[in-house]
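Note that chain A is present in both complexes that follow, paired respectively with chain B and with chain C.
Now for the complex of A and B:
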């Protein structure tokens, strides 16, 4: 007999989930999580990873599709409970599930804002969980709430965080509060579904550190020996914390093993595709989609096929920088008012003396966390918000702000020049008129608003769709029926319709899965080369910005903290803030294979 | 395209057929309502085709005939055929209902759009916030008065008549629509889609007419369908009080009013015009709900 190893917290074999008699959403999944172990489940949207997590808690019914789920398994043991019925169906009395949920197993969801009741202080939320899962007295619970908040790092600077409502907390703090609520039942297993996806890099890094710390079997830790199951679409994120990784695709696990091994030597083509899609550490111009692997998601754009495989830095990068600025901003200032704690209106500088110069044919990246003023800067550059001071020049002529005589450039004067400047937004769907089809959107953009009938500009619309790698049939579709990546392609096609020479991209890939993000980044890169476009590329994701930009601007609190050649900033950051950002940016622990 | 993708679209298509089958059953009220609306539309367009007799034709010998083969729904005190009068009355009753809703929507647009565009704005001179403030105060005052009372006050000043009824009912429904339009415009004017249109170089007017108004009016149109039924009821109420269409005209409310004197001897004089009003209000409500569900289904 071998030494007694602790029984696994999760021992599931052959898990299959299907809805309403349809094809299984998860099929034949094997999963085991040992105490103190961290396992990651990685895959794109729709791969079945979230359904798996819910099925472990008997919550598969509530998921997407809304229908009744049929959950079967060859073995299904969660925290010591065998929940497999005689017919292979996973079933348990509601009371037992309730004991398992929040007691033995805690689930932390992605969106901490919608998961928390906006009207209740977070301390009450945790207190409720304690009342359900422990026999503590009210004073005992109050003490435990303070302990839990301290354990997740929410008790700094003497304020009583437990008394605050979710609206008063930042995204990272809310995620911490949610984790604290999850820990209240002293769970043996913590399931975290995309716990860092909505967060800024530095905040996300701290949450991942927190999750790792919680597992450390230190004395007094409320979660010593806790197992963790992390769910994410981003391999780079989970590679920071997880010891074991399972790669899921279309409901099946295509590869699993120790994280380091999977990252260093991926066996499955899909894993290699996911790894290649991570932009971190890939130099500018490198393709993120593997040539063979693209067929699994979408056909590569024709421009991509025509491009020679050996990318060279754009010649204009160095030479044209000073000579020919496409877009130039000088001393931009924007004041906003906000309410302080006492409810008084206080003016603050959302953007404070920001200047930049975007050389023609190159990309200028602006990186910063939420509230750093990067989007307000973009809005001023687009002439959507009038700056309080400073000016924006487009190809040498005033475009926004001070036009030279102390008066701002009027919208009427700007309008004829707008076709030179396009914009791509984070959420394409909200930037489309919901009543318009893809063809109508493009016809409207091509014709300068004169028609919405796609027939009138069929050829040009076909060209545009082809440019962004969509087929002409997409013209009749409605954006709602397209995937996130396809919608962003439509948004890019629309931005290109008036024939702009500069594109301002505000978080264009932040809402996309890593693999789709890779396709869009490749597409933008191809378009830049083919059409000689200049990009102002805004993102909170350092790895993405590094991959796409020639020049870099790091913003914080409305000010430019650091700027310069991208590689120089990355290799030799001058400011502490830039160094912090760099340290927090998720990167693959092991070197990526291939290119 | 990869295999899993094909299978997922296949199952989605299957789901759509199932959904269509189940929605046919749940659409039954909508179908019934549509039938009522079709009948009414025919009555409005060609009343003589559905009821060839003269709605004003007096036949004293046949006064107070009960519903029967000669007079399907009976006759009134002067021997006029109730069925004929209801069919011919559809035109004035429905016209009043639709026109009143139109007047209400028009007024609501005039009030709601400027209010929505200026709410919370601090602009230098183009968007003074007081436009919204004063319009909102006016709306609040109008809201404080019961709609029918408002209509009565208006008629007291303008004198009774069909046109006055239309304006009066329109006036009393306008504040509700105006509120919704204001909120919609306020929500949409800062939407990313409006920004995108500005970046594409669209003018203010074009954005207002091409994006803001159509999207703001979508939910209002659904509500207005519900409102037509309400307006017909109100117009009938005014006629019943003798403030709407003058007596000989075959207007449903006026018929109700005339019939109430003879309620004990000729129930059909009041019941059938009343049923017509109920049918219009109910079918407008059912259709409005159905449109609403469809609109929500599409936007989800």
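Now for the complex of A and C:
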């Protein structure tokens, strides 16, 4: 604490938000942000952090259907405006709220894809706050929009980015445009809700740098600096930028303090659980869930050891080098066409000469950013996309692509061997038939599509649910009524149903909160050990891949940039791209407990 | 280059539609019981003798085998010759071009009115904020729309005539050349269409206003009216534009009823009497002109839609090119 603290931008005490008379989703929250300060609000989905951010702008209910959200506080001062009514409710005339929104406080929403109007050029979105909060002439505003685009690094190579619609921009560019739209009203406080969540590591790192740069006042007077409130589920992101951190769970702040202190010496059990769940820097095989930890979602009992019906597990997890390859790919090539600026169809190599070998009982990680060809590689390994060249062998026999005589392996020849290969995807919900219950989904998978009556395979379904740490009652449930982590467990159970020996996991934990991610990674680890499974594990997240993989493949633009033993690649990367990727990957700055 | 290819594709598609329509009409009208020659010799109940019938049949080529008649028709159409009406004894092109402007005026006015009504209801319900008012406005809007969309033209027209012409005497009961005479026919044609359009527009407006980009606009200090007008309106208009082709089809079929009901001349009434009389060239001509209008409107709607929503031009290409983006790349 420095002695002469400038008047805080946010001074909120006892903030409580409830909807429609229900239980509060935020209760008794104290928050203060000083000028030039960066404060992080960390918590998992449903912890109330986004609602808190919106409540600061009087938008707890999304700005429509007013009155259903009840927001009260013991103190509520935003950028010098006292917005607390006599009855304790937070209220202000609509005109005052509108001056604060965008003018004093900017909110940069998560998911830049849906937070920009797809039908409007981004320049118009950036212009909005100028039109509403400044007296600039239209030409003055146009000039300012160009300055703002330059300030967020969107004015390269002479194209007028402001005239483009969001659909023409990449994820990182959209996030930049959204930040520019927030900056245009020259706000004293910038609230960023998950600003890097949907982005690749290198892009996310640049966005975080941008946010940090914005806070450093150009004229050298610290008091002029912009305050920032950063909302994230990711402690690693927070540790990179924020000076102060508040950890939220179920609407309450369980711990707060300077970031370094909280990370180095967490006082609350929940904070410790969050820290332990971060896979960065945890050696292969280490459990990510604390024993006996009681989070909002309790970690499952160790997967019960149901005897796998199918192949006898190979004595695995020893040195994988000696084992026979379970899945082997050689010279895979896939061409796609895309249209260039002139609208001509151009062929490009989505996957270009990719070879790998997955030793039985081990995990091969493929890491790369969007568009690097990793998913196309997975689809070819699964025999879902025909390679234009190259081949895939499963346990030594041709499975996809060239079968050895110049002809591709026919689906009819492949089908009897499909049960040996399972797949788990990022979004389980969209890979489930929305009308089927969990039991029906598993019956369908167990019977190879012959029946969807759960009763016909009750014993096997029970075994599968048990293996993935769900109780038998889940069979009657509907995937929609399950949590994200439970759904991914169902997806894994379904993949295991035919008794596969190889699982292809394509971003299996990318849509999950960090603590749930930890549970799923632990589960996959247990299953590998118990069933002798081999994994092809695809992710854009270096920390996750490092934690799970024995061997690693780094892909970029359809090509394998680097490959080898995971630890060797990480400790001694040979290629510049791998080094960039490593540098960009957020890691906890302070040592986590248990290391 | 791109535009030229688009134009050629459209042109080929349009020609195919016209050919298919001509063929269907050719088959369809021959399935109607009765003898088309009756129309030539003076309509049903004509007193002409068998020689007159035979003469007419030979003159109009109706004694040839069907396949020859079909070939002759196509050959004439390719030359742009729609033939001569059996009943009116004037070239079909002349008869159609005489009736087309009236029907087009009716349809365009009804179209404009339908858009105006649908957008007004959608905007009104969107701007009615507050928990109770918005629910009431929503229920009222949706009830009106469903009712309007459900009523048939002939019933609606009759009721409007009873109320505004017979009882109140404000408007003439039949179509006249004065603007007042257009009000009831246009309203009869427009209301059901407005009901349909209103439903889809209100739906997509509500979706747009509940989306993150609307929240982002509010967080920039935009007023609710500003959010609706600057962000919602385009999203509301999109489905209306996509439905333009369908709307025109419904307006033309509606015009058949409305023109008969209000004793107004036009393509609809011409078509009705031509079908009754089995006046093959006239039926073919009217249907082809309607189909041509439809093809042109569909192409125009396509252009406008792409102008409003540039995503349409690129989606397919992007999807094919970047399969990774859809599945990979982090949290949704």
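Everything below uses one rule, namely that the second predicted complex is superposed on the first by the 556 of 595 C-alpha atoms of A that agree within 3 Å, B and C clash if a C-alpha of one lies under 4 Å from a C-alpha of the other, contacts with A are read in each partner's own complex, and residues count from 1 in each chain.
Please note the rule applied: contacts are C-beta pairs under 8 Å (C-beta built on N, C-alpha and C of every residue); 3 or more make two chains touch, one makes a residue touch a chain.
Predicted, not measured: the structure shown is a model, and the values here were computed from it.
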Touched partner set for A:128, first chain B, second chain C, both or neither: second
Partner chain in contact with A:425 - chain B first, chain C second, else both or neither: both
Touched partner set for A:586, first chain B, second chain C, both or neither: neither
First, second, both or neither for A:365, with chain B first and chain C second: neither
Comparison of chain B and chain C by chain A residues contacted: C
Partner chain in contact with A:439 - chain B first, chain C second, else both or neither: neither
Touching partner for A:508 - first (chain B), second (chain C), both, neither: neither
Partner chain(s) touched by A:498 [first = chain B, second = chain C, both, neither]: first
Residues of chain A that lie at the interface with chain B and also at the interface with chain C: 379, 425, 427
Chain A-facing residues of chain C, complex: 1-2, 129-131, 134, 209-224, 227, 230-231, 234-235, 238, 308-311, 314, 317-318, 320-325, 327-332
Residues on chain B engaged by chain A in the complex (per definition of touch): 2, 4, 7-8, 11, 14-15, 191-193, 195-204, 206, 210-211, 214-215, 218, 299
Chain C partner contacts - residues on chain A that touch it in the complex: 54, 57, 59, 62-68, 94, 97-103, 106-107, 109, 111, 114-120, 125, 128-129, 132-133, 165, 167-168, 171, 178, 181-182, 185, 197-200, 336-339, 342-343, 348, 350, 369-376, 379, 425-427, 506-507, 510-511, 538, 540-541
Complex contacts: residues of chain A adjacent to chain B: 20, 22-23, 46, 250-251, 295-296, 379, 382-384, 411, 415-416, 418-419, 421-423, 425, 427, 430-435, 444-445, 448-449, 494, 498
